[in-house]
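Several structures are given next for inspection.
Two complexes come next, and they have one chain in common, subunit A, joined by subunit B in the first and subunit C in the second.
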Partner chain A sequence: MTMLRRLAPFMPLLAVIALSFFIVIAAKGNPIDAYSALFQGAFGSLQGIAETLTQTTVLLFAALGVAIAFRAGLFNIGAEGQLIVGALCTAVAGASLHLPKMLEVPACFAAGAIGGAFWGLIAGWLKARFGASEVITTIMLNYIAYLGANFLVAGPLRGSASAPETAQVWSTAMLSPIIPLTRLTAAFPFAILTAIVLWWWLHRTVGGFEVRTLGRSERAARYAGIPVQSVIIRTMALSGALAGLGGASDVLGLVHRFNAELSPGYGFTAIAAALLAQSNPIAAVFTSFFFGALQNGALSMQALAGVPKDLVSVITGLVIMFVAVNWFGKRVTLHGAPSADSDDLRDEPAPEPAT
Partner chain B sequence: MNGLLGLVAAVLAIALIKATPLVYAALGGVISESAGIINIALEGMMAAGAFSAVLGSFYFHNLALAVLVAMLTGAALGLLLAYLAVTQRADQIVVGMAINVLAIGGAAFLLAVVFGQPGASPEVKSFSSLGRVASEGLMDLFVSPGRYMLFWVAIALVAIVHIYLYRTRSGLHLRAVGESPHAALTAGINVIGYRYAAAIVGGALAALGGAYLSIGEVDLYSDGMVAGRGFIALAAVIFGRWTPLGAAGACVFFGFFSSLQIALQRAQVPAQLLEMLPYVLTIIAIAGLIGRSRPPAADGVPFTA
Partner chain C sequence: MSGESAPLLRCHGVSKRFGSLVANDRIDFDVRAGEVHAIVGENGAGKSTFMNLLYGVLQPDAGTIEVRGTRVRFANCADAMRAGIGMVFQHYLLVERFTVAENVLLGRERTVRGFLDRRTASDVVREVAARYRFLIDPDARVESLGVGARQQVELLKVLERDPQIVILDEPTASLSPLEIDGLFEVVRRMRSQGRAVIFITHKLKEVMAISDRVTVLRQGKVVGKLDRADASEAILGSLMVGRDVPPQVTPVGPEPSSQPVLLVRDVVVQTDAGTPAVSEISLELKSGEVVGIAGVEGNGQVEFAEALYGMRACVSGSIVLDGADVTHAGSVARRHAGLRYISPDRQREGLVLDFDAPENMLVGNERLMRRGMVVDLAAARAQADAIARSFRIPGYTPQAPMRSYSGGTQQKFLVGRELEGGARAVIAFAPTRGVDIGAAESIYEHFKRLQAGGACILLVSYDLDEIRSLANRIVVFSKGCIVGELRTSQADDATLGRLMGGSAA
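The block that comes next holds the complex of A and B.
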């Protein structure tokens, strides 16, 4: 029984993998060929593994952002927008600041974190101040970020004659591969370290306790004297900062400049990774790795087995769906009552402590 | 028509045409949210509708059947939403996200599998075969009613949904289910049934909006063609305060910005800034800065008897 319970978090994955077998067969493909090509692509060579870890890096940062917001009971659908703003700020910093590498790289990461934090902060402030559902505001902010970035790289920030993109960052801002001839950079260990620090912060500090309490029950948090509004704003800023670091690692390690199309939807896959990890930062390392492998392996699957790489999106959607339903134990509950919740936040003054 | 009057008429015509798919999806959103089911899956349902309409037209060479196929696909996704949200009581935002990812990815996957070419489908029979374009702006809507059939249906639907929600007993029941399901249950209303029906009809309407994009406006499906319109429709639902007339008005308002953008292209006004406006305005609306926008009280709350 305990064994079964331990396995419960993996059940959605197994169910979806089984289901996708039939999808491949229905699409007149050979599932064995498809999955062995996928596996080969993701893990079959040093290059393959390095590329899987490269994909994992960006996803993990964004997934940590989504997870930390979940822990506070906030649904940040805006990781994609925060990642875009973070990437843009990183690219601008990397192309304008000209510092020694030891300073340039941290400065550029900081720029990404600040950009993402700012974008997350907007949604947090709107929720805390006006009770505006962060689900709606982050969806809207995603599009504002995308269109705004498009506008900026087409005009004011355009730094390339050939395409709407920013200028290339200085060479001191480029992360070099830690395995030769791959794209895997120090951003990967940095992401892992971030996950560990985040877990420690969440479970061993007052700040983390406040986040977890708010996530369990807003009422309880209020009675415990936790400044609910300020925790909401802080958490959304932190969530955005983490997604922004994902954007920064993409710019500094992979593309070296910003264009508005640089994310293939990392922010949305990150939601799946965070849900599957049940918002545990350490578990998010593994779920991000799973989706990273899937994304990387899908290219080989398409090339070698002729199964369209979009199967990955189908699998991602199914995973979210299976996790959302409590068929396998723990139910995901985030939004008991968004409207009542926010009204509560606005109108009900915090009770005075009994004297 | 010449000069300024002609330009105004052209801008207005484009605004109405651009608003049409949004109106369908927004009405779908209004119906499902009035019954208490948050539908952030409008985007995915539109993509599914756009793709399946092309699929239907490709196999049947018949527009009515193509539209039917699209609506059935949307209804199936609505049924899925209802099953997960109502019966399984799963978080409606998470489920909506899942349907978006699944439907958009599924359309791309099937596009490659069925037509053997990624990116775009071959051209199929579309509404453009039903009438010529006189390119006289507003007049086109009257000169070629066949071609713009879906436009006229959308206008009729706005009125129908409005009358249904506010002038019929069943509409009152639907709204009761969204505002106060327990009171509705006490009054003998079938809460679960209404929620299922609302989600299914909502899905079918959103898919019809998608069908308009693929076989109404053009004659093929291409990856990413919905391009956020489902979320603009969601914005219109909020901006229109969860009412059919308000949401349709918001759609025309948003459509007006799209057409203005075409008219202003020569005037060097950046298109992206105009495209951004619906999203910015929605944030302002939901923050209550221009009068509070309030969803139905039980919107998104799973029902437990």
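The block that comes next holds the complex of A and C.
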């Protein structure tokens, strides 16, 4: 049973991979062909690997944002909106500020983080002040971000004659590839570093401890004297800032301007990546890599095996569904579910009588 | 043994293992119609496991269970119910927003042509309630009921099915003396109707009061089977623990000095709903003094304790600790000044069950045990180690989540954390609830040591024996007011009971 418990985190993946086999067959495709094409596309060449890591980068930032909110017990569905606002702020900063590259790039990332943080903070404040569910408000804020950005690039912020998008950022704001002829930039190691720092912050600092305590038990947090409302607001802001960094890395490394279609749903895939990682920042590196590879390989799969790339969205959805399953956990029964107080069920020998 | 009638339920050699732990080891047990059979044992002795085997929640690894002479195998509780077994759990499972009748008939709703038939439901429940002389309105919502009434709803849920065998798991855990008397009346009525009652408890006084026979469990084994006539609290206590136990009531600690440590003046506190919880409470705790707060659950004790600790605002009044006014300080500042709170809800409030023991040392101390912005995990580990040593916690592993320990061990960690590091005034709320005798003894020892060191303890408890054995002075809470103050020597059951019932001294 202990062996099985160790496997539990991987069960959703195994289940989804098995299930998607049948989905491919139902779609009259050949699953072996589909997966080998997907694998080829994602890892078959240096370019393929680099592009997988490029996709991983944006996803990872957003997944870290979702994960940190989860750790505080907050379900941030709004990574997509926060990413869009962050990307827009980055693009505006990159096109207007003209600084040496050493300053320009950090300034643009900061603009992305601030934009995302502001968008997250709105939901956090609504929750702390009025008790509004962050699930609802972040979903609504996603729409506001997407449609608002659409409006801005079509009107006031339009910087291109040919399409509704902002002006291109200065060349000093563009990240250059760290592997020639690919789109992989320094944003990737930056994302990894962010994950490590975030893990350290969560597990070693007072602020991280407060977040984790709140996430495990709000009553314990109140008991411990943790300012619950302020932690909710700060965590949502931090969560949004991380998603905003994802948007910034997208603009500075890949698109170099903002248009409202620049995210293929990174913010939603990030929820699956964070769930699969059980909100552990280090594990999120690997789950983001998994989804990055899926997204990147999907195009090859469509081209070579004729399986629509939408299969990847199906897989993402299935992952979220299967993560919700309590693998090998105690069966939930309505009657007589052993309560936490029934000591006899614990793996502890009866206490020795004190002498 | 008076073996006139064949037993309704008989177990032979029942065993259950969890990994390397033998929770139940070849247990033989039987209960006859019209008999109350108590099962006593410390936490972790295997009582709950055994009940879960009888009620089909768990299945035995070995041994047989017979009901009315027929061997049975329960795959789940529904099987056990069909065989005529009913169980009242220690923790109530009620839907707050539903009425009493809706809760009692949950899953077995009375219907007319597919629609709920509320009137019949109320009548059915009223009829069962009348049979047991419960004064309960079937149409009242459960959220409006007190603890005693909620237990009656749980009892009704079981009794409505008319089971021949009734299992009561620690039924008196949160009842006042009056409510316990009421429960015993019900148990006696069940007995006279020819039902078999299995009564699980670790309170020996109750065993002596209500049972016909007693089975004592220790470390998963039956270590004693007695008729009540042959039993005494002392005999049962030593069987449970495996050695002689000093009498429960230990002498009151040293006389306190005159130096006040905690001064509470005219404190007014509200409930979450904004209604008055306590009004103008004044108390003075001197150095080395233990003051007990007695009262029926839900008379403002929780709100008062939370206000003292800083989790709840005082509407008016003042709280002074060692000469410093802390009325408007947060709980972190109060902890820093030496105020501690042993929360009555260790599982959701005092501890974080998913954290390991060292991390739990940081709960409440996260801003006190730190180096700059980094939490001081080394100090937390050292503190957890020290508690494991001084409370003699067997098999302590720093990495194990708090969830994996027994309730008694969890309580030791909570108490240990709150008493460590310069505690001046400790609000100890039900500090030994659900804790076995050994653990309670070592908690009391630590209280004594703290007292000797000049700190004061405000002991809030629903267990009158505990208050009497520890407190120098007892105040009684009723409806948010202090209705009486007694020296411990004057505090007999009758006086306390009368005050707790709300009549002034």
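Just so we're on the same page, the second predicted complex is superposed on the first by the 325 of 355 C-alpha atoms of A that agree within 3 Å, B and C clash if a C-alpha of one lies under 4 Å from a C-alpha of the other, contacts with A are read in each partner's own complex, and residues count from 1 in each chain.
By definition in this document, a contact is a pair of C-beta atoms (placed from the backbone, for glycine too) under 8 Å apart; a residue touches a chain by one contact, two chains touch by 3 or more.
Quantities reported herein were computed from a predicted structural model and do not represent experimental measurements.
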Which superposed partner A:H98 touches (first subunit B, second subunit C, both, neither): neither
Residue contacts on subunit A - larger count, subunit B or subunit C: B
Contacts of A:E210 with subunit B and subunit C, given as first, second, both or neither: second
Partner chain in contact with A:A220 - subunit B first, subunit C second, else both or neither: second
Residues on subunit A lying within both footprints (that of subunit B and that of subunit C): 333-336, 338-340
Complex interface listing, subunit A residues touching subunit B: 27-28, 75, 77, 126, 129-133, 135-137, 139-141, 143-144, 147-148, 150-151, 154-155, 268, 271-272, 275, 308, 310-314, 316-318, 320-321, 323-327, 331-340
Residues on subunit A engaged by subunit C in the complex (per definition of touch): 204-207, 209-210, 212-213, 216-217, 219-220, 222-226, 333-336, 338-355
Subunit A-touching residues of subunit C, taken from the complex the two chains share: 18-19, 21, 23, 42-49, 52, 55, 57, 76-78, 87, 89-91, 93, 107, 218-220, 241-243, 310-311, 330-332, 335, 341, 343, 345, 347-355, 359, 362-364, 366-367, 370, 373-375, 377, 392-395, 403-409, 434, 436, 438-439, 441-442
Complex contact set, residues of subunit B against subunit A: 38, 40, 84, 88, 90-95, 97-106, 108-109, 112-113, 118, 228, 231, 234-235, 238, 270, 272-273, 275-276, 279-280, 282-283, 286-289, 294-295, 297, 299-301
